[in-house]
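Let me begin by presenting the structure, written as structure tokens, before commenting on it.
By letter and in written order, the chains are A, B, C and D; residue numbering begins at 1 in each of them.
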Amino acid sequence: MEYNGKFRTDLASEAHRLALNGRQDLAALPGVETAEEQREDCSLFRVHITDQRGAEALGKPQGRYCTLEAERFRPRGDPRFRAQAETLADEIRELLPPGGGPYLTAGLGNEAVTPDALGPLAARSILATRHLKRSGDPLFADFSEVAVFAPGVLGSSGIEAALQLGVLARELQPSCLLVIDALAGAEAGRLCRTVQITDSGIAPGSGVGNDRAPLSRESLSLPVVALGVPTVIDAAYLGGDSMKGMFVTPKEIDEAVRCAARLIGYAVNLALQPKLSFDDLAELLD
Amino acid sequence: MEYNGKFRTDLASEAHRLALNGRQDLAALPGVETAEEQREDCSLFRVHITDQRGAEALGKPQGRYCTLEAERFRPRGDPRFRAQAETLADEIRELLPPGGGPYLTAGLGNEAVTPDALGPLAARSILATRHLKRSGDPLFADFSEVAVFAPGVLGSSGIEAALQLGVLARELQPSCLLVIDALAGAEAGRLCRTVQITDSGIAPGSGVGNDRAPLSRESLSLPVVALGVPTVIDAAYLGGDSMKGMFVTPKEIDEAVRCAARLIGYAVNLALQPKLSFDDLAELLD
Amino acid sequence: MEYNGKFRTDLASEAHRLALNGRQDLAALPGVETAEEQREDCSLFRVHITDQRGAEALGKPQGRYCTLEAERFRPRGDPRFRAQAETLADEIRELLPPGGGPYLTAGLGNEAVTPDALGPLAARSILATRHLKRSGDPLFADFSEVAVFAPGVLGSSGIEAALQLGVLARELQPSCLLVIDALAGAEAGRLCRTVQITDSGIAPGSGVGNDRAPLSRESLSLPVVALGVPTVIDAAYLGGDSMKGMFVTPKEIDEAVRCAARLIGYAVNLALQPKLSFDDLAELLD
Amino acid sequence: MEYNGKFRTDLASEAHRLALNGRQDLAALPGVETAEEQREDCSLFRVHITDQRGAEALGKPQGRYCTLEAERFRPRGDPRFRAQAETLADEIRELLPPGGGPYLTAGLGNEAVTPDALGPLAARSILATRHLKRSGDPLFADFSEVAVFAPGVLGSSGIEAALQLGVLARELQPSCLLVIDALAGAEAGRLCRTVQITDSGIAPGSGVGNDRAPLSRESLSLPVVALGVPTVIDAAYLGGDSMKGMFVTPKEIDEAVRCAARLIGYAVNLALQPKLSFDDLAELLD
């Protein structure tokens, strides 16, 4: 039973549910392994696309995908924020190459369009340490070297994000690129309360905006970890042609995107800076 | 044939189309008079709800409603912007009480939520002249007296917009209140390219956000002109309960709302300040 | 030795130092009582202007002024932030009338001009509870009733902030008005690291912007507590006429104003909501 | 008579006045040629530093510097805006290499700090056409190829602006780099109403912020045109050590920087896109 393409979703977990089409018969999806885990403050759903059959069934590249799902994302003072950030950090660490940094992180998307602002907003919560480390100041000896980039929007820059990241990666030679991007989902009830982490990069045409060239280990010749949150559903899937150019989004999208971006920012910092505790971060990040 | 309530729309023109339900037999709607007019750069559709039967058929209070529909709203440098602003200004003037100001204008809604930001953004384009007129400086003798108010969001202030406007109107004693607000519509294709002007005020529960107490000649004891643009469709009307708390909105919502807000701001200034030309305004407004 | 007017400062503590003119002979200032207190994370300097002689000597209305001075203001995750917020809350409570709320809080100034944005930014951190209390929901029984108002800028509204606050206070009948405003200081080294709390209101012509009508117990017929932070020095005091229309401000003004506004917001909440702990607030406020 | 270093200014015209120290005896400055020109809506002052003696006298690299000075900068609807934009465009064209683009433009500085926001704000008014040209669509055949980059702040990215521009320039191979940056000046009365255009690039340590590595024909191996507006004076030059870390800036800095950024944006577009008229631009730019 192959993915019928009716709904586009950037989430492997949703693509998996859609491909199953209501059946519980997992054997029906060769090349796809899944696992579920319940935590106190969130649940995790892992999809491992192990071969080309699985890739075709789910309409996604091979690789590991983990979806963290919360009841909803919380302000940083909420104890659940901390628990979720630490869970997410553990999942990121799983996908990082051994040996530490330097790391290049990138927030994709358009900060002026709320559902597409996840990447740039998350980038603001990531500690840029590259220049501090390179200053030689022993104060920063325990930090990993992290650079933070937000390439902005093709319509404003005229330069594709993938091109900008490519030349920067060639110069900085990071051990890994982490990209953060808003996603399109298929299930209204899961918008803005789900994070996907994957080592398969960003697929062409995914994301909320239009400038999404592929970013992957293959295209960039370095490991790529992609983090995303579904913030919209393409309304054309619901209402047909009359809904072209529209999207469906939660009414509380502004606060939801801000909370999600901060959660991802904290998680990335915890994963990349093993010497920093959550409390250290809360002092450093406003 | 009464309005079946399946779709909620704040636009009388859409409610009229829905009530007709595809029939062209206008005699079927007693208490409703309509007229259509084609201009070079936009079209106008007028709905006059003349009695209670019409009000029930369309689910709207009695009064005059005029809908200006454009292909899309334009940046201010586009010649069509000027033509549309002047057409809109004419329609506003039709609804103003004779005798000039003082005027109180109000931009309702939440500036932090793009589809609800129309009112506060439009308020920024309205020239506040009350303090200048009252300074006695002869430079401002030809200006009408205009005050501009943006009451903000109930969740942030704890004070209902209608209460704030009521006490301010009692103090300032304007000849007319003009309110600007984002609307919910029913037709995806007309979102963000339509302005409604009405003398029936703001109905309870309309608008994009939740704090929409009635604002009308009856509730405030003064004439009220309401201007609005449909920026969202309640997604529950499309997708049922699974879409509760979601809305449908155009992908280009940010630019569309900015252009619409500026168009309304210019039109309000042209209507309230008869001594100012479009070119004067373009010099005064950034 | 009277205040010579060469420097204008909105801070009583600075006016006191200027009036002393380097002398330590406190008997020289009749009608002025002072006290100093060292805390772990900040210091407090109290000035009590007890009669008209003191008012003339310092160029300030009679009343109690307390200045909290910190090395610098901190992000909210820093333990010193908590200590300073609680100290400030204690000082606010000292000036509140007995018997609890309802309270009206107001953030004065221009959010678009960084050194004048303190008031509107602080207002965003104050919990608006008036509508929740009045909903009758027992969940909010333990909260005090607080309304939050940001009157905006005279040039944009045409309505003086004092007029707006006056009509709102007549309607809401609060037990006390709390106003927050950016101040002009005289000492560069103390900009953006000092908070003044006073029961003497806002004096005419103080603040950073131009629309500062008096707000006091006399003008409004209700107790007024004013909180402010010096963010600028009028450059004309340093450079003479060539510096007219200029101000001196710290390079890091953006972050400093944000931190100060949040500190004041937390302190106001702690003072007005005695049932809420600092940790409760950190969960509620983003 | 050499520049004594007491005042730091990024403007060659001010450095020239300071070096003359009140004398009118131009022969006293070997290696420096100057010329003044009065236009209807602004004046131009040209400084040509022709050799090393001139560079030492003015504390600036050799090259051509032109300062456009206006009474003040205007909103775009003001006829003087158009005249000044066209004058500025002429001066930019003088410094461009023959043969047209592709061009790389860059807005330096920190958008969150008003006096440092000139570059990023101006970048928003520059038409990015690189992706349109490269799409092959004949609609864009008459446009020059322009890419627009805003490298952001070192503290947020960890990557020096000069490094980012260097790798991007190697990839895009522009015929010329145009950089826009806020400047520090020496004369309060000229802040925010002066634009400097130079072919000498950005000197190390100039600008308002701290991350100003040199950007010049020598460092980048391509022609560099730098545009800047003085928005601050370092307060330490006025008040000594007590003013360290402070700057002097006009009270109306927000509006002034916005107007200046838009003026530069329009002028850059007019210079780089010879087929576009001012009216065309006004339709395209919001």
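Just so it is clear, a contact is a pair of C-beta atoms (placed from the backbone, for glycine too) under 8 Å apart; a residue touches a chain by one contact, two chains touch by 3 or more.
Since the model is a prediction, treat every value here as computed from it, not as a measurement.
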| item | value |
| --- | --- |
| Self-contact between copies chain C and chain D, residue sets same or different by half | same |
| Comparison of B-D and A-D by number of C-beta pairs in contact, larger one | A-D |
| Angle of the C-alpha superposing rotation, chain A to chain B, to the nearest 5 degrees | 180 |
| Centre-of-Cα separation between chain D and chain A, whole angstrom | 38 |
| Chain B and chain D: spacing of chain centres that average the CA atoms, whole Å | 42 |
| Contacts with two or more other chains, residues of chain B listed in rising order | none |
| Pairwise touch network: line, ring, star, complete, or other | complete |
| Residues of chain D that touch chain A when the two form their complex | 123-124, 128-132, 145-150, 152, 154-160, 163-164, 167-168, 170-172 |
| Residues of chain C defined as touching chain A within the complex | 75-79, 255, 258-259, 279, 281-286 |
| For the chain D and chain C complex, residues of the former touching the latter | 112-114, 188-189, 191, 235, 238-239, 242-243, 245-254 |
